[in-house]
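Here chain A shows up in two complexes: once beside chain B, once beside chain C.
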Partner chain A sequence: MSLLEISDLHVHYRRRTGRLHALRGVDLSIGAGETVGVIGETGSGKSTLARAVLGLLPVSRGRIVIDGEDVTRFNQRQWRSFRRRGVVQYVFQDPLRSLDPDLTIEESLTEPLRLQGRRDSPNHLLERVRLDESLLTRLPAELSGGQRQRVAVARALAAEPRLILLDEPVSALDSANRVRVLELLKELRDAGTALLFISHDLGSVAGIADRIAVLHQGELVEDGPTRQVVTEPRHDYTKLLISSVPTLRKVVPA
Partner chain B sequence: MLRRVLSLASGRIAAGILTFIVLLAVLGPLLAPHDPLEGGVDVLAAPSGSHWLGTDYLGRDVLSRLLDGSRVSVLGSVQVALVALVAGVIPGILSVYLGTVFEWFTLRLADTLIALPFLVFAVAVTALLGNGIPQAMLTVGILISPLFYRVSRAATLSVARSPYVEAAIISGASIGWVVRRHVWVKVLPPIAVALANTAGVGFVVVSSLTFLGIGVQPPAPTWGGVLAADLGYLSFRPWAPLVPTALIMATVWACNLLADAIRDVSGEAGRALLNSRAVRRRHVHS
Partner chain C sequence: MSILELENVRIRNDADGRELVHGVSFALQPGGVVGIVGESGSGKTLTCRAALGILPEHFVVSDGRIRLDGQDVAGLTRRQWTALRGTTISAVFQDPASYLNPSLTVGSQIAEVIRVKRGAKRRAARERAIELLAAVRLRDPAVVYGQYPHELSGGMLQRSLIAAAIAAEPRVLIADEATTALDVTVQAEILDLLADLRRDTGLALVVVSHDLAVVAQLCERVLVMRAGEVVEQGRVEQVLHQPRHEYTRLLIEEHEAYGLERYLVAS
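Our next item is the complex of A and B:
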């Protein structure tokens, strides 16, 4: 059974000038422990997809089933109790704003534990993302961008999720930190956590994803095993994406 | 928080002045050397041994009137500030979370209160609830509350859609949790500044209402009332308004100083400031 099952998903944004059709009939499923990359340019609806799955946006049409539960028509109370089970977590794009500037790292990491009614300390979480325990008393402003993004991953791990949505997790990082965070994500994948990796950059996703889905103007134009999508793209937009990544053939030899 | 405020020099000065003012409010009426309402033939007298600050146009002892009026003045401005705080901050924060109907309703209510002529509203409340100091303070507090509503709403809006709030919601946090843990700290500093300003406005308004016969009735003394009386006789006692003015100014200034100190020690900037001071101290000692 799939961990996440999205069928015929439509999302609209209400704008002053009218309605914006952000997602048009997206079908996507992720099995337990599977890593799926969602590629698309800015405005293609990648973040909208993640936010709809998390219940942060109202769905116009379609169905979202997470871990066997149909969450599409959940009310606030149902969402709250579902979220406290910690099945799905989210890592944000911007490491500068994803941690509360007024809370220490310890307080930020403790929050999801307390929400689940747990009393344990967050020390083991930092260990999992290879950060030193001495950072616990620091404020986010006293950490580097790479450290902050690893803390954000640690916070997502606190709930022991089975699925983590990653929205451009490495786009704001320099190359050394990018490699570190990607290594971390590979470890998570190998430990059996399902990942939905959202990015505009095919290069950073191809090395980690089992499957790649391409989102173009709100529609899923391609969905298949990474190797197949990279070597035999069917849609014109995918071909364009691949031709714009000149180093890719070295990463995934054809 | 209090400990951090007192670690700043400005915080200590503000706390000192405000403690003095509060003591004055508590003990003032007992310390008054004369009956503040008893007139005499010696009107508009210069300071002397028996009347340290002279007498007013009815021959009443000015020092006694200032001391006796301190309780009403201080209590009045505190009441105004508290009413404005409660009536403004709670709907201000909730307007962001309780849906568009509540948001629209409170926004229009705030607009209405801002647009409402002060006099008309004060007279209407007096007609409705009767004349008295609590009613007057309630009126002024409610008229000032849109300031708190706007300030707290703006501060809440700036954090409501931030990733860390969404991260908390994704982990199952309720609105109450988000407000207590993330929003409150960001709303507090601007609120403290607005509160200090309001306390100052309160002094002035308490006295201006006295002219209308609303709130404090004329023979009863307040700082603002003494100031108003002195202003009418400037040609006889040109220095006289300085004393009540100094009291009001010292209180307002101390309130503002305290607000600045609170703003300085709260939030990210505050911790950074205190950390750098602690580091400097360690360097000096080692």
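Our next item is the complex of A and C:
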């Protein structure tokens, strides 16, 4: 069974100028342990997709099922209790948004452990993201961007989620930190955690995603194994996207 | 003769005495293209600003020499700098919207450059501005002329700024992270546009980016900067295939391990 099953998902926004159809019939499923990269540019609907999966906006039509639970019509209270189960965790582009600025790293990491009814110290979480325990007493503002993002991943790991939704997790980082976070995500993938990696940058997703899905103007125009999407794109937009990504090699069209 | 030449340029913040750029040298031939790769804090933007004579307050070129079209810029007055900017050296930066006045039409701001820098009459300036908007491949240039910045997409704004930057026919254009904020498909179009301008008009380019692949695509020679230091410099093929510095290897490794490269045929 799929961990995440999105079927015929439509999201409309009401605007003064009329209705904006942000997602049009998106079908996407992620199996246990699978890593799927969703690529989209400005206006593609990728942020809307992330927000819908997080229960942050009303779905106009279609269904979202997470770990067998239909969350499409959940109210806020149901979402809260569902989130507490910790099946899905989230990591955003800016870790300052997911870490409380007034809590030390230790407090930030202890909280989700307690929610799971665990009494142990968060040291093992820091170890998994290869950060030194000396950081435990610091505040988020006292860490570098790369360290903060790794703490955000550590926090997501506390609940031992089966699926992590990552929204542009490396876009704000410099090269060295980007590589470190991507390495970390690769380890999670290899350890069997499913990842939904949403990004505008195919270049940062291709190396770890088993599958690539391409969103264009609210529609999923391509969905396939990474190698196939990169070397034999079917949709015209995917072809344009692949040929636009700057690479260190000349792109040889298939 | 080089159109732009930097010789061991060092840049210091006089407010605290710290040196932020520790010696940059390169020579750009007319119609040539050089790339600078580096992350924030590497000194790449300060280096560009020194070449444009627009270092922030308290920042000075503390050592070395910058020659623009053969002329040492050290002794230039404000007025002389103003005369050179636009006509000899020009630039586009990351966030196009912040370089345009939101309350004036895009076209009128380009026409203004042509009137001031080229002494053109109002009508001729307007015609030339529309030609330039066509030259940067904006569809319906006459329509874009009359539009306000908020009516244009990021890619259209950056094209308009390139039109303004080349309006006074400079010989060097610095593109400092000019495509970073754009979608990758739009970035590819802008990079193509810069390459075509170079080929068709002999405009020399300095392409600055945090992404080695962007620079590799356009440039013949590349400088890799980190923390104010040029850690590696040479022909693009050499830097890509025989990187000597650990940092350059990291930049390449990132692409090889996580980018599309692993799926593509080696060139």
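Assume the second predicted complex is superposed on the first by the 242 of 254 C-alpha atoms of A that agree within 3 Å, B and C clash if a C-alpha of one lies under 4 Å from a C-alpha of the other, contacts with A are read in each partner's own complex, and residues count from 1 in each chain.
Definition applied: a contact is a pair of C-beta atoms (placed from the backbone, for glycine too) under 8 Å apart; a residue touches a chain by one contact, two chains touch by 3 or more.
Remember, predicted model here, so these are calculated numbers, not experimental data.
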| item | value |
| --- | --- |
| Clash-or-fit label for the pair chain B, chain C on chain A | fit |
| Chain B versus chain C as contact partner of A:A32, first or second or both or neither | neither |
| Chain B, chain C and vertex chain A (Cα centres) - angle in steps of 10° | 90 |
| Touched partner set for A:T42, first chain B, second chain C, both or neither | second |
| Contacts of A:L240 with chain B and chain C, given as first, second, both or neither | second |
| Touched partner set for A:V221, first chain B, second chain C, both or neither | neither |
| Least Cα gap, in Å, left between chain B and chain C after the two complexes are fitted on chain A | 20 |
| Set of chain A residues, in rising order, touched by both chain B and chain C | none |
| Chain B partner contacts - residues on chain A that touch it in the complex | 54, 56, 80-84, 86, 88-90, 92, 94, 97-103, 108, 111-112, 115-116, 139, 141, 152, 155, 158-159 |
| List of chain B residues in touch with chain A within their complex | 162-164, 166-174, 177, 181-182, 185-186, 267-268, 271-272 |
| Touching residues on chain A, where the partner in the complex is chain C | 41-42, 174-176, 178-179, 182, 200-204, 206-208, 226-227, 230-231, 240-252 |
| Chain C - residues contacting chain A, complex | 39-40, 154, 183-185, 187-188, 191, 210-214, 216-217, 240, 250-267 |
